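Can you keep this structure in mind? I'll have questions shortly.
Naming follows writing order (A, B, C and D), and every chain is counted from residue 1.
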Amino acid sequence: MIELLRATWLLFRMQLTMVMRSRRMLLAILLAAIPPVIALIVATFAPGDVKPGEILASISFWLNLQVIVPILALVAGSAVVTEEIENRTITYLFTRPIPRPALLFGRLLATLVLVWLLLGSSAIAIALAAAQRTGELPDGLALRVFAANIVGGTVYTILFATIGVFLRHPMIVGLGYTFAFEMAIANVPGGSQSLTIQYHLRSILVDATETCWQSAEILNIDSFSSPGEALGTLAVVAIVTLVVGALGIARRQYVLTA
Amino acid sequence: MTDPIITLRGLEKHFGDVRALDGVTADIPRGAVGLLGPNGSGKTTLIKLLLGLLKPTGGEALVAGFNPRKRADRLAVRRVVGYMPEGDCLMPGMTGVDLVATLGRITGMSKQDAMTRAHEALNYVELEEARYRGLDEYSTGMKQRLKLAQALVHDPDILLLDEPTNGLDPKGRRHMLELVHDLGHAQGKNILLCSHLLPDVEKTCDRIVVLNRGQVAAEGAIEEMTRSDGLLLSARVEGETERFTAALREAGYGCESGELGTLTIQLDGRAEDADPIFAIAARVGASVTALAPVRSTLEQVFLQAVNEHEQAGKTASA
Amino acid sequence: MSAIIVAKDVGRWYGEVVGLSDLSVSIEGGVTGLVGPNGAGKSTFMKLLVGEIRPSRGALTVLGETPFANLRLYRRIGFCPQQDALYDHMRGREFVAALVRLYGFSAKESNRLAIRALERVHLEDAMERKVGEYSKGMRQRTRLAQAIAHGPELLVVDEPLSGLDPVARHETLELFKELGEAGTHVLLSSHVLHEVQSLTQEIVLIHRGRLLAQGSVGDVRRLLSRHPRRVRLTVREPRRLAEAFLRFDHVGAIRFHDDDGLDVETRDVETFFKDLPALATELGVGIKSLESPDADLEAIFDYLVG
Amino acid sequence: MKATTHTEIYRPFEGTLSTRSFRFLTIAWSGIRLASKKKLPLLVMLGPPAMAAIIFSFIVYASYALQKGEVPGIDAGQAQMVLALAGKNTEVAEQIVSFLTFPLVRGFVLLTVAWFGAGMIAEDRRLGAHLLYFSRPITRLDYLLGKFLATAWFGCLALLVPAIAINTIAAFSSPDWSYVKDQWDVILKTVAFSAAWIAIITALVLAVSSLVERKTLALAAVFGLVFLTEAVSNVLFQLTHESRYRLLSLFRNTDRLADWAFARKTSYDWAPEASLCAVSMLFASTLFVLWWRLRRMEEVA
């Protein structure tokens, strides 16, 4: 077990600079910067009656959770294993005395650090931008926005990284999942919603009692479960996916065609 | 030799602070010419400049009288030049004949001309049985020959071949060299062959231009540059080798033993054949299994040219 | 010298594409050349040796152990892959040191090993520059450095010479010679045959996924008795010498080309070479050169692979 | 007859190379052939729009049949169902416009153009195949036009062909060609509108394809871009209630232009010129990106 941790730590340090400098991270930074910019525009130009709470709620719900978090996780997460295979540098790591799951965990940790950094700062920036407006923020909302972004980024990144272990084109599968499956089912009221990560993230974010959620035009606002429960399910989903990924990468023989 | 097919005058090309070409001046005559140089000496950059794919930072190049820098000339150059790129640049999914015919039509051939020429070019490179198959089923050797076929489809009289034998196994390599040799000598094409496998260049070209650090390090006909002085012999002997070398030295011939059991024998001026050597071998009872005049191979010429150019470069900058 | 690599009916398929069909070979220590046409299974065999993939059938042992996912064995093997793939953003020393650390060395120790390895491949001055800016030859040598840094017993190298210019190729061969003399077993694959022959006489020839020939170049050539040996001479008076050769019963055929060329095919080349000096002095026909063009690896390759 | 042998294996080419160029047609046609080699994606992409077309043409046919009073082949119950389906407006032009702006159709046209267009330039650059093109006497315009037509072809299969099909059905089923006589402008407008919509999407997809190295990345980028602009414009509009932010969304703009083109009453409260300018700005910027990338591509080919 210690061998696994040590190898993961070494690979994490080795891959951090690589992940930091890759062109995908440039795209991720751009994506994370959009919500704060929108929040700033709204905070300055919106008519008088719009309260900061509403800005934070709408932007984090419709923009961050629905589009930015999944796409950023897709861009970062799908490269965790696939980039090593496509660059064919995986040979160096597979012929070294390290347990193979360490490769997945090492790069995943490096990618997650950046995802947290970007989404965390994006969430904070939106809250700050919203706070420019007169009127105070409902307490706990900013924290829930931050939590939803971080947890969402983590679960999605792990999911897409694991897809990358098994399939050659995780990007397409991830795209299909995000835009086709999730958008379709998460927005249609009914029991099947809880199948999507989006639903649980929204349960963390939305507190129906707060007034600021009225203007966000969210359908069936009261059908969300409690944040604690949502966090529980998401944690289970993350761990199970990680284990599946680790088992997958241990057994899989990546044949690097010339 | 008639006027050169390609003239280069002080050609320069800089990518940022990397000086890929640093003042190349050379006249490349008709016939097959080898373009040699260590990795990164500017060979591929030069070829792309000739095709007008890159704009030179300085100096000028003329290909068959056209200057690729000017737009109209650039299109004219590409009509008279066939280019075989280095990398694997084929579109999987297309069939062999489809690719060659399409590229033929893009060069300006009519539909019928392109189709007939495509089949002729594929027959020439002996790809008849694979012409209707998708490119992803082609082996490396077949892909290289297909790239040669697409360069030949519009029958250009200048061929720019970039590493044609790269990655080929011996059989594929010999086949490609036969084709290039035939094109250069039998079909009278002017070939600029860029390669780092010197035996291949020796088999197919008459003259070479050696590039190093973006400049011309050496230039000339292979025959002259590898001329041997006829007095130095390299021999391989089996059985009684010590007594044989001792006997040689007694008879006044200089003799040192090289690596892997070869002997280098220094003949005196007047002998014009090696019979005396055989006489000594017979007397001593050794059997000579190989004997040849020491000719500096193209590789030695190349290494020498590059080293001299490096020294000249160092002394100039020191 | 006990066998370091033993393969028994090893096969490996990728779907219906055959990598290796049925390879049985046992390779001794020292420097061995693995040759064969493209697609013969060289790369597949190497990937099996270093434990990157598992054989579909048959048994394979390297240094006495089965390689796939065998972490203990990985410490004793160094692998230099064929593809030109490196972490371009890292510096040379950083790259090698990071990979050496995975063998369990401390940071300081890994750094020292990395610097020593890079010095052996003559990359001392480029160590601190980014690998992305290296030339093709330097990238090749960096890949080699990461394979020898942890001092492996067996060094497996896939096509190290392809794409290298003569200067870099010369240095790489020198390095392999040094490693061989230092006692490291080297298995290197290549299809640039005259280079392999200048490095080692021991070859393993693979074709269509099976073993075709093994041993020193000379022995293998002698085995190919059904291909008579061709000897090419340049003589001032070829006709007179040819008449004399007719007396030898082991001479199969004689052919003249241009005015002083003479090709002789003989079934017993040793006696031919033994009798030639006496014959030459007796007739005084003026032999200028003598060579046997089909003694080299390339000719053997053609005979066997066709 | 004197015997002649033609054993020379290499035959020189006597023909001439024409300088007048329709090269982009060759590039386009070879691009189309190459892309439609794989039949499954073709079926998956073009299936749904075709089905939608069938449904809409049935509605058009039924509504005409009802107008004429006689109800051939379908009984009254079915007719009622069709009318319910058609909603209140049985006006045929209405049906066609609603087909053009129907979200499912629009989504699949975008998907089709993105799927076939994403690899057009990206894969050429990744494989280095652009070297083969640009070492030939073609101009950058030839290459661009060729790739543009090849991608737009699939857009037409997904949108233009179904739209024309509905129109022809309408023409035939309309009483003694009344549809053609007094509503011919609708036919022209359909063709123009579909062509414009396909052109815009093709330019967008090709621009993205020229920026990235890999087809899957280009595909993701196209969808990412479209959904991002939609989400941003929604949020901005929701909070500021100012409709000028809705100009950001490509779909809103095309709806507004469709209402203006087909003279339908519109639920949008800004002038069509604004949408027209927004869309043309998008189109101009994508063409600029394409021109800039192709210049660099030939330059450093």
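Remarks
FYI, a residue touches a chain if its C-beta (ideal position, glycine included) is under 8 Å from a C-beta of that chain, and two chains touch if they have at least 3 such contacts.
Because the structure is a prediction, the values reported are computed rather than measured.
Steps from chain A to chain D, taking the shortest chain of touch contacts, total 1.
The minimum number of touch steps separating chain A from chain B is 2.
A comparison of the B-D and A-C interfaces places the larger number of contacting C-beta pairs at B-D.
Each chain's centre was taken as the mean of its CA atoms, and the one lying most distant from chain B is A.
Averaged C-alpha coordinates give centres for chain B and chain D that are 50 Å from one another. Annotation: 50 Å between the Cα-based centres of chain A and chain C.
Put simply, the C-alpha centre of chain C and that of chain D have 57 angstrom between them.
Between the CA-based centres of chain B and chain C the separation comes to 24 Å, rounded to the whole angstrom.
For chain D, the set of residues touching two or more other chains is empty. Taken pair by pair, the chains that touch are A-C, A-D, B-C, B-D. Interface residues of chain C facing chain A in the complex, by the touch rule stated above, are 14, 43, 50-54, 69, 71-72, 74-75, 77, 79, 81-83, 85-87, 89-90, 98-99, 101-104, 146. Across the complex, chain A is touched by residues 216-217, 219-220, 223-224, 227-228, 231-232, 234-236, 238-242 of chain D. The touching residues of chain B, counted against chain D in their complex, run 48, 51, 53-55, 75-76, 78-79, 81, 83, 85, 87-94, 98, 102-103, 105-110, 113, 117, 120, 123-124, 150, 154-155, 182-183, 186-187.
Residues 9-13, 15, 17-19, 21, 23, 26-27, 30, 33-34, 37-38, 123-124, 127-139, 142, 298-301 of chain D are the ones touching chain B in the complex.
Contacts from chain B toward chain C in the complex involve residues 37-40, 139-141, 166-172, 196-199, 238-239, 260, 272-275, 278-279, 281-282, 286-293, 299, 302-303, 306.
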